[in-house]
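Before I ask anything, here is the structure I am working with.
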Amino acid sequence: MDEYKRKSKLGDVESGLKLISDGMYIAFGGHVFFNKPSYFVREMVKKGFKDLTISGSPYASYEFDLPIGAGMVKKVIAGNCGFEYLGFAPNFRKAATTGSVEVVIGDEATIVGGYMATAEGIPYHPIVSIKGSDVAKYTTLAVEYTGPFGDRLYAAKALQPDVVILHAPQGDEYGNIRYYNSIFFERIMAKIGKKVIITVDELISNKKVRSQPEKTMIPGFLVSMVIHVPYGAHPCLSTGLYGHDEEHLKDYIERGRASLSGANPQPFAEYLQKYCYEPKDIYDYIDRVGGMKRMEELKRKWIDG
Amino acid sequence: MDSNLRYTWPEQMVVVLARDLRDEDVVIVGGARHDIPFAAAMLAKRLYAPDMTLLTTGQFANPKLTALHFSGHTSVVYSDEADAMFDGYEVFELSEREGALSCFFYHGLQIDKFGNCNNHIIGDIKHPTLRGPGMVNVSMSVQTQRTYLFPIRHNKRTFVERVDFISAVGHIDGWDSRKRAGINTEGPRLCASPLGVFDFHPESKMMRVKSVHESSSLKEIVDNTGFELIIPDEVPTTIPPSDDEFHLLRTEIDPSGVLRGEAGRL
Amino acid sequence: MDEYKRKSKLGDVESGLKLISDGMYIAFGGHVFFNKPSYFVREMVKKGFKDLTISGSPYASYEFDLPIGAGMVKKVIAGNCGFEYLGFAPNFRKAATTGSVEVVIGDEATIVGGYMATAEGIPYHPIVSIKGSDVAKYTTLAVEYTGPFGDRLYAAKALQPDVVILHAPQGDEYGNIRYYNSIFFERIMAKIGKKVIITVDELISNKKVRSQPEKTMIPGFLVSMVIHVPYGAHPCLSTGLYGHDEEHLKDYIERGRASLSGANPQPFAEYLQKYCYEPKDIYDYIDRVGGMKRMEELKRKWIDG
Amino acid sequence: MDSNLRYTWPEQMVVVLARDLRDEDVVIVGGARHDIPFAAAMLAKRLYAPDMTLLTTGQFANPKLTALHFSGHTSVVYSDEADAMFDGYEVFELSEREGALSCFFYHGLQIDKFGNCNNHIIGDIKHPTLRGPGMVNVSMSVQTQRTYLFPIRHNKRTFVERVDFISAVGHIDGWDSRKRAGINTEGPRLCASPLGVFDFHPESKMMRVKSVHESSSLKEIVDNTGFELIIPDEVPTTIPPSDDEFHLLRTEIDPSGVLRGEAGRL
């Protein structure tokens, strides 16, 4: 019954980058430093896009800080941007403190509320949970209003990214995506992008996907392009496959921190050079961050628990 | 109605609908008598639109058809193969978004000359003579890019001058009234009945005869329609199922014969 | 690490019925005639509740028609109520046509919109998709209003059932629920009831549940009580386990239809007697509808596809 | 601060928080330094509130703890055992509903005498001297039944007269100001710091010393707090970890010693 020939949605990084242009609104998936489309972000840095607006999961880290550090970002819509227990996000902090990038004050309610509006086909989504906070006072993502039944509410304006970029452990060539673990905000983000690009560590067969449809977390029809990038989340983790590379992230933060004052941009510039500009492909990058030996160590975290 | 043909009127309706579906479509089926749109979608995926996405209301994305059934829902409920599950809540979300779904299919107790569809109330709203089952998804008639009507009875009780209640929004009062109601989607595009195929006049949005099924005649259509149809000077015969279409329907999509048999279904 | 003793949420039908009282707003799960809590509904009929308001999935059938026929319902909030390809819902049709029950005109947008409002903690949910329809004109579930950005919208008022009653193929004693197949609107319904009762065909161990958390469709903390009722959905189907009993449903509809004119209420009264009032328990009921032989036949539908 | 005790201050904070959790609670943890509330929740499930539901932000319902980590998220990300997955979107939904979640835990760059918490901006909003990471979930401070503060530094830079920016809503300006802002939930209930435990005066909602940790003194607390605390006539010593609590923490919840070691963490 299904012996029809479908068009593959498999692309490469080069074709994915063609969906992006300067000035666009790009949103990244993942959460904290889980399931971040890190390799794709580095390739965006290599390409040198300008004036991007970025948002994503309410909990951003590497995928925000790196393009900010590379000077690609005009505006950031962030709930939290930091490396959690590893420390603050150096480029985000610098840009936000100096005002070199417009940081829109938001939180889960104002950002996810904006995504919900788009997903649910309405111009704004009512939210209530920011009352009393200074987020309510200073955010430009929502306005206070009185609803038709007299309730005091906030209207979180619809947010629709031009391109949503996610990373997942597995997917097939038609864009059907599986996760081994929690999906955070991935499903709603896949629903709201004008285009949706997903990098996957492992490419699996559609036959396998179809045999257990309940495992598909994002159905292919929502996805514009799937790109096979093993270890595509590194130095972040990919749930179910490999842990985050603490040493690499600490080095990243340290380099950013050293450049924070502006006195010595060298360490961060070196990071960009070594990990973004120079690598020819993901395998070249993996060699630079410790090769398969390191990748095997990161895999142990999942195996050992 | 001539029943000496090798195919049945439901099969004719299926191929008419199938031919209008497209690769980029996200098609949704599900509901009573959705055997017809379901078979149309399956046929289109095989012959005309392999990249089309088929959603079954509140169930699956691109399920394998297990056995065609009078119901769109039960046609796939036993399926154990699909690209993904996609629940009712998620389908509803999509159906609220302008143009996110490409097409949905309606039949109903009444259809009028502007393609409005009634599944709620026959007679006066306060003192109805009959209460229909109601309508799950008004949304799909408003926000889905285009709709198809597939009345399974073509008579003056179904094809009425004006529906008593608009359950699924068609071209409302014709002309630009749909736009004026704030609706930007195309609305009813085709109506495939047991007797013929109908489209809507580009300006007045009144129902127009597009073709007459081989099994029927223009006279039979006019005699069984409760309003004045637009009849062009030349009305072609509906292209009957091709050999490919016929073969696929009989051997793969509907081997058990839901779309044939039961002569009394009309 | 999890060697703590939790309180079981396992109950029996009797204890479940104690959560319900006359005049309450009750919502039933399932879709068309899939996953309906049929046995629990028949036990409600036996108990003889009065003046209930009922809603549920936008696509209702047996679980609405039976309590309406038994005179328990004051108000129905329905999108569609019918037996799909098997025919109309006789008691619903009669009540709606004669006005003996208040039938609130609604559809997916006005009903699910109301559920979303409750789930999302807002007094109403904006919807757009009923414009131009007579549902918009006559529904009491939503009002037209102008949003803070000048958009013309409808406000679907929050709907919060006192008790939500669902049926599922599997669950554990802590209320963690699995489905084999689509979940229709079950997840949002489990989120909005003040109390949530779920009947399950099969009781499984918490150990099994915990070994594959991704299979849990409704987490136990949303559930008030789990009741083990094998074949609890009959004559409706339970996805993954047994098909719907077409012959029984046709007989049900035929009996209702015969009583429709009011001239002869006998056939439907007999149905109530034989299948609702008399059965001592689910096993007695199963005997009356064909026993294990019939149940095995209904299971074949899943095995044969 | 006396460090010759058998337990550490994070362990003291853990048991203070654990003892306040209840069977009917739906507790949510996740975020930097959520090792402390995470361990508190696990301890409470073992000793005080076995029926409590533990959600980890955007991950699981009642996960098995794999290894305690400085981060609530990574403490369970490697877990393969839980009652259910519960994604970020669903947690957010719950967090919007008044009282649907029972408690959440905040630390932050600044905490003031009314329990407001700042994680956004130090200095002027237009020209900040420091930009913090921001706040994921303001919602949990507004709609969650009660919140707990667990500052991991007790000094005058953290405990300030007035936060520069309200990221997590406490008792705002005290008295009935929280209610007047339209908030019906309890708000900050306890603050457990490395030096002591604090609650809020029932009327003024100003921070009040509840107990002083064995390792500290009232003087140390006052000297390190940037606002005037309410000090009752009698201030007891915080009940140190019991044998049961201590044993469970050391052997089951945190065998690898995240809550001890690293003396320099304060």
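Letters A, B, C and D name the chains as they come in the text, with residue numbers starting at 1 for each one.
Simple rule for what comes next: a residue touches a chain if its C-beta (ideal position, glycine included) is under 8 Å from a C-beta of that chain, and two chains touch if they have at least 3 such contacts.
Note that the coordinates shown come from a computational prediction; the quantities given were computed from them, not determined experimentally.
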Q | B-C compared against C-D, more contacting pairs | A | B-C
Q | Cα-centroid distance, chain A relative to chain D, in whole angstrom | A | 28
(Q) From the mean C-alpha coordinate of chain A to that of chain B, what's the distance rounded to whole Å? (A) 41
Q: Please list all residues of chain D that touch 2 or more other chains.
A: 60, 80, 85-86, 96, 98, 143
**Q.** Residue numbers of chain A (touch at least two other chains)
**A.** 120-122, 127-129, 181, 214
Q.
Let me make sure I understand the interfaces: which chain pairs count as touching?
A. A-B, A-C, A-D, B-C, C-D
Q | Contacting residues of chain A [partner chain C, same complex] | A | 116, 120-129, 143, 145, 147-149, 151, 153, 155, 157, 181, 214-215
**Q.** For the chain B and chain A complex, residues of the former touching the latter
**A.** 23, 26, 42, 45-46, 50-51, 53, 55, 60-65, 80-86, 93-94, 96-98, 100, 143, 252-253
Q. Given the complex with chain B, which residues does chain C contribute to the contact?
A. 31-32, 34, 57-59, 78-82, 84-85, 88-89, 92-93, 96-97, 99, 103, 105-109, 112, 127-135, 138, 152, 181-188, 237, 239, 243-244, 301-302, 305
(Q) Give the list of chain D residues in touch with chain A in this complex. (A) 31-33, 58-60, 66-67, 69-71, 73-74, 77-80, 85-89, 92, 95-96, 98, 119-120, 125, 127-143, 165-169, 172, 178, 181-183
Q) Any idea which chain A residues touch chain B in the complex? A) 1-7, 118-122, 174, 176, 191, 206, 209-211, 213-214, 216, 218-221
